[in-house]
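Chain naming follows the written order as A, B, C and D, and within any one chain the residues start at number 1.
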Amino acid sequence: MHPLTLTFLIFGIPALIGLIYVYARGSSGLRSYTTTRILLTIPMILILATVVFFVMRILPGDPIDSTLGPKGTAEIKERFAEQHGLNDPIIIQYGRFVGNVFTLNFGNSLIQSQRPIVDELGERLPATLEMIIPATILALGLGIFLGTKAGVKRKSATDYSARIFSVMIYAMPIFWLGLLFQLIFGVWLGWTPIAGRIDPTIPLDRITNFLVIDSIITGNWEALRSVLAHLILPTLTLGLVLSGVFLRLTRINVIETNQEDYVAAARARGISQGTITRRYSLQNALIPVVTLIGLQVAILVAGAVLTETVFAWPGMGRYLIQRILSRDFTAVQSVIVFFALFVAFISLTVDILYSLLDPRVRY
Amino acid sequence: MTAETLYSIRNLTVEYDTRIGGVRAVDDLTLDIYKGEILGLVGESGCGKSTLGKGMMRTITTPGHIVGGELWFEGVDLMTLSELEMSNIRGNRIGMVFQDPMTSLNPLMRISEHLIEAIRTHYPRMSEDAARARAVDMVKDLGIREERIDDYPHQFSGGMRQRIMIALVLALNAALIIADEPTTALDVIVEAQFLDLLRSLREEFELTILLITHNIGVVAELADRVAVMYAGKAAEVGPVESVFLDTKHPYSRGLLKSVPNIDVDDQELFKMTGAPPNLIAPPSGCRFHPRCPRAVDLCTDDEPPLIDVTGDGHLASCWIYSDLPNRPTDGVG
Amino acid sequence: MHDPMLDEVPPEEQWQVDLGEVGLFRRILNGRRWYGVDWWMVVISSFMVAFFILIAFFPTILASYDPLDQVGPRFLPPGETPDQEVIVQRTDSDLESLADLAVRDERVRTGVVQGAPSSEDIRSQADRVNAELEAGGSDDEVRLRIVRFDTLDEMLTGVTTGDVEFGVGSNAEITAVLDDYPELFIRGPITGEKGGKSFPLGTNQIGQDVLSRLAWGSRIALIIGFTASLFSLFIGVPLGLLAGYTGGKFDRVFTLIMDSLYAFPGLILAIAIAAVLGPSIINVIVAIAVLYIPTYYRIVRGQTLSTKEGLHVEAAVSIGATKSSIMRRYIFPLVIPSVAIIFSVNIADAILTGAALSFLGLGLPPTTADWGIDLARGQEFIQRAWWLITFPGIAVMLIVLAFTMLGEGLMEIFNPKLRKQ
Amino acid sequence: MTATDPLVEFDHVGKFFPVPTGLISGLRSKKEKPAVRAVDDVSFTLERGEVLGLAGESGSGKSTVGRLALRLLDPTAGTVRFDGIDLATLKPEEMRRTRSRMQVVFQDPLASLNPRMTIGQAVEHPAQIHLTDLSPKQRREEVYDIFSAVGLDPPKYYYDKFPHQISGGQRQRVVIARGLITRPDLIVADEPIAMADVSVQALLLDLMMQLKDEFDLTYLFITHDLATTKYLCDRIAIMYLGKIVEIGTLREVFTNPQHPYTRALLAAVPVPDPRHRRTEPLPQGEIPNPIHPPTGCHFHPRCSIAQEGVCDVERPTLLPVRGIEDHEVSCHLRTGAYQELDPV
């Protein structure tokens, strides 16, 4: 099974279940909201694809020259252009390109390896996801926990320290934080490896390209240990920076819900502060936070690109940078469009999740 | 009417610190609430009535704090209780109903969850089913269909939600209900329905209700006794008929006569001069003296005590009713 | 139904009449007691911002060298005086300086320790001397025969025994053992200059002064930050205002475009644009600016919509004010404070993105003194020179922190919801 | 524009707001889309110099009528005439000119004043727009005069103050002053005193009466508080779910209320006199959901005298009460063919 399809299954199934629940049990308002939301993502992807397509074309720099470099004689360039259909009129290229986007076939990479891009992505997407998922979990956990603590006890020591932490982390350039961790934990203390996904000397056959899963399936415990060790620093880097964003979001919302009448009413009923924080302030505060998680995906992906560069992590981000530096035109386009699909998909799922959370929307 | 006192407030003082300085919203206030009565607490905005309500429940949060005074309830001074002991009383012995029904219920919790949570907070030993049964009874008592108990707050109208708030209080057989502007956010007809409900509940559950409102008509219609507040102090306290018909304090006179009355034709509204006082630096002596037609030097010098003018519980804090020689005269009007 | 102002904290307006005249400065001062941390945040961050702007205009305050010149030995740790290469010779040798060797016709035997950088330094010094001689017209030439000894002691004994005419080694190491070789003395540094210069933040892999590069780097960072933010402000704000006020198709179309751009990972777009445009400061600015237009658009449009629904705009319509005067006097002044707050947070983001682009090698031409580039180069030598990545990183963080704290503090003070308590 | 034309005339005016639904149902043809009939077939006239009270609970459409009169909203059906002119026919520039003759006072004074403009500038702006013949100095004098007229003394002191620096009552005086400076004929007051304290309410009501004579104004006074209308108005219209159910002189409506809803309203208003006891029974239930109003007469589900087959089927229209002029009611049992069925 192609790793890419596997990844789509891991994410696709829960989203599909959510969708079925919405159409089965949701109110008419919710159903029309979801259909609108789905229909809206199509123009969104189209716009992004078009922006990327034209950004590549109209700006200076002839892709063919820069790809083939000096050794590209006239007729080699001609054959190359012909082969990749670069001579066809713009409109046809655009039509084919849009067709590819929606059929998820990204054609072949322009340079030497000429491997179908889908295979390239198949290797790299799991690598990026293997880092992004734990980072997001860390970010959400830490961010929401500290955010609630700060929001409930406003103008107290915890509130100020949490805010200082969130501003510091927000200002921290993610690639520098990575370098610092490498320096401290890698070079000085030597606790963790500082680059790559696994110790090169350990053999591990790749099934899903999710090394954690592969090493578990194949029962290769030594590989598992090495993979986990390699995961520590990148996850910590990306996770901490993201936690700053969630902390601020949760804090502002918790403060606002804490000022609502129903919190005062609950307190007047003698409900314990713990229950009030959990069931009244936090639950209501999480609704806006969930909606904004969709938007944070953009920061997550950008962060991933930088973290991969610092830790030489063979993921989508690094692949994009390498392809850009080597002027591989179609690869760059497809990776960017893939990111667009990824972002659109996540924000759509988060929106549906939001509507399931809030009874006012559900009924 | 020497009824038994349920809640006795002694010299309560509550201060808010704002950007411009400390503000005494409630200043050395003494007031008794008798068992089984409906006491109307009326006054204009900024007079401290809502703060008094919160003070009695000790739910004042920063920037406000209770500076002094005693809160005697069922033989205990609530000021001496720890926060935990106090939270046992809140909801269980003293219930509170708020002004805006739209925002007083947690939008993410069903009505049944609200009720069961409140009941089991104070009676943890009670099983889930028993709590739910009690909740259903309570809701039916207040005219809400049983099958709607699992709906969410946004599925109810304003009037219905206010009844649910009452249900939350009665579910715990609270002895005292503090209702802070309960009808202000309701339409006229729903308000009238709600007042009738409060009156019938008072009989059925022998409740004592502190009705805090700015609407003088509501107080006249529902309250047995009324306390008029001005600038953090009690200006006049007494049975509703004698306060309305034989008003003693000049401020109450002005206040009660400046309200349009639908039963009176070609009514002449009383127009009070000046504006509510500046509580950071309140006027010296009697706080109403700058706006009082009867004010004399004595009023500007020292504060008048709350005197029992008629001898049967009709109190007023005004020098007219003292026996001092230089006291102001009481030309009616 | 009506709800008279029941907030028990007495309505402020009443005694504002008497206290209205509190001077602006005093109101800022007594704001401290009330706003607490936010007040401190704004004050501290304003000083930091002022400091960075000062350095950007006058980098020479901190930078004592040109950021691009090679002014010292490579990989010199911060604060250390360089361990100079010195010539050690017998006390009885009359060799004054390297130039005296030029007259010798055969190669002069020179002792060095295996693996030390001395051989390379002495040879490059010799070349320099020969160049001077040649420039001076004489055709003499210093020719050396490098003799490698396994240890420093062997080399020094070689010099004492005359096996080699003189030896070259690290000043620190030789002085430590000089007492065991009474016949030897240190002539002085091979370059002839007295005492090596130390650099407060050390030197990088080419020998450039890290501190100077930091100072000049602030100029680049601020240029990118301000210009990119201004660029996106001048496009995003008017569009947002217009879309918010006029509504209709214009609003729907632009909102769809802006929302799609907003949801898209900005850095990727910037990378694509910067990569295609090629490394130059203008391209970086354009790439970042395009990124932040949606931010301004969304916030200003939201503010305009909520202000437009406000009663005072409906009242303005009812007094017969023209559309433009409503926009100018009733909506724009209410939206401006939030634009100022976004602007400061936006500069912080722009600087961060600029540094990220250069770190990825897509931003500025490699020769510019830019923190991102220093960090990227520094990563290669992370084992050997920790200070190469530390100081540029701190610089980026501090400048971004300054602008973010300014934005965060102001947001807290101006946000009416939070001020209610 | 003849002298006898009423200042304001509503002729079968309707205002329907589409209910926001998703994209899909949005594609369906316009007519099926559910719409809230905020104002539904309302007709009345407002004579020059008169004070017409427009009373009703939330959702009755009274505020919408106010905004339609000022053409802050365009009617979906029917015509609104101001001094005989159909407002819909005016071109934007002409409409702007006419605005000097009609002004508004909203409920929340703080929200209706621009926080970034001093109250002097706020009141001066309409003068800048409409009184173009005045020099800046004369304009400022004009503002000072209006300030004194509304009781903001000394005017110079208040000129440079910002809205948040003065009290609620003073702010509402500024809003009134802003309306008066162009010497309008009509003032639409939408709950003008609702947010003020009791003592301030009395002062504002008195001020409005005094200004009516001084500037010979006509008021459209919108409120939910019937007691205030009794104090201020000449004629009063009661609205329920977008329709006028009863309209007549103050004496008629208060002493001889015809419509069951009016009677219920009058009974429900709390009276500041402890001896008062309510006689009329209260209607059950609450105001229905405006998106799907009840069939026939909207009040029939809550009405104590509703007749099966009549009130829940036919829609009543506003007809004169028998034998009394200037008092109309929209109830089958009180007018028209079914009068004999009236149980009371």
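Simple rule for what comes next: contacts are C-beta pairs under 8 Å (C-beta built on N, C-alpha and C of every residue); 3 or more make two chains touch, one makes a residue touch a chain.
On a predicted model such as this, the values are computed, not experimentally measured, just so you know.
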| item | value |
| --- | --- |
| Which of C-D and A-C has more C-beta pairs touching across its chains | A-C |
| Chain closest to the middle [Cα centroid of all protein chains] | A |
| Distance between the centres, which are taken as Cα means, of chain D and chain C, whole angstrom | 63 |
| Between chain A and chain C, centroid-to-centroid distance (C-alpha), Å | 28 |
| Centre distance in Å when chain A and chain D are each reduced to the mean of their C-alpha atoms | 55 |
| Inter-chain centre distance, chain B versus chain D - centres from mean C-alpha coordinates, in Å | 33 |
| In chain C, residues with contacts to at least two other chains | 1-5, 11-12, 14, 16, 421 |
| Shared-contact residues (touching 2 or more other chains) in chain D | 58, 167, 197, 224-225 |
| Sites on chain A at which at least two other chains make contact | 155 |
| Of all residues in chain A, those that touch chain C in their complex | 40, 43-44, 47-48, 51-52, 55-56, 59-61, 154-155, 160, 163, 167-168, 170-176, 179-180, 182-183, 187, 194, 252, 255-256, 259, 294-295, 297-302, 305-306, 309-310, 320-321, 324-325, 332, 336, 339-340, 343-344, 347 |
| Touch list for chain B against partner chain A, complex | 57, 59, 62, 87-92, 95-96, 98-100, 103-109, 117-118, 121-122, 151-152, 154-155, 165, 168, 172 |
| Partner chain A, residues of chain C touching it in the complex | 36-37, 41, 256-257, 259-269, 271-273, 275-278, 348, 352, 355-356, 359-362, 375, 378-379, 382-383, 386, 389-390, 392-393, 396-397, 400-401, 404-405, 408, 417-418, 420-421 |
| Chain D to chain B touching residues, read off their complex | 57-58, 167, 169, 197-203, 205-206, 224-228, 230-231, 254, 264-276, 278, 282-283, 286-287 |
| Complex contact set, residues of chain B against chain D | 44-45, 157-160, 187-193, 195-196, 214-218, 220-221, 240-241, 244-245, 254-256, 258-263, 265, 267, 269-272, 275-276 |
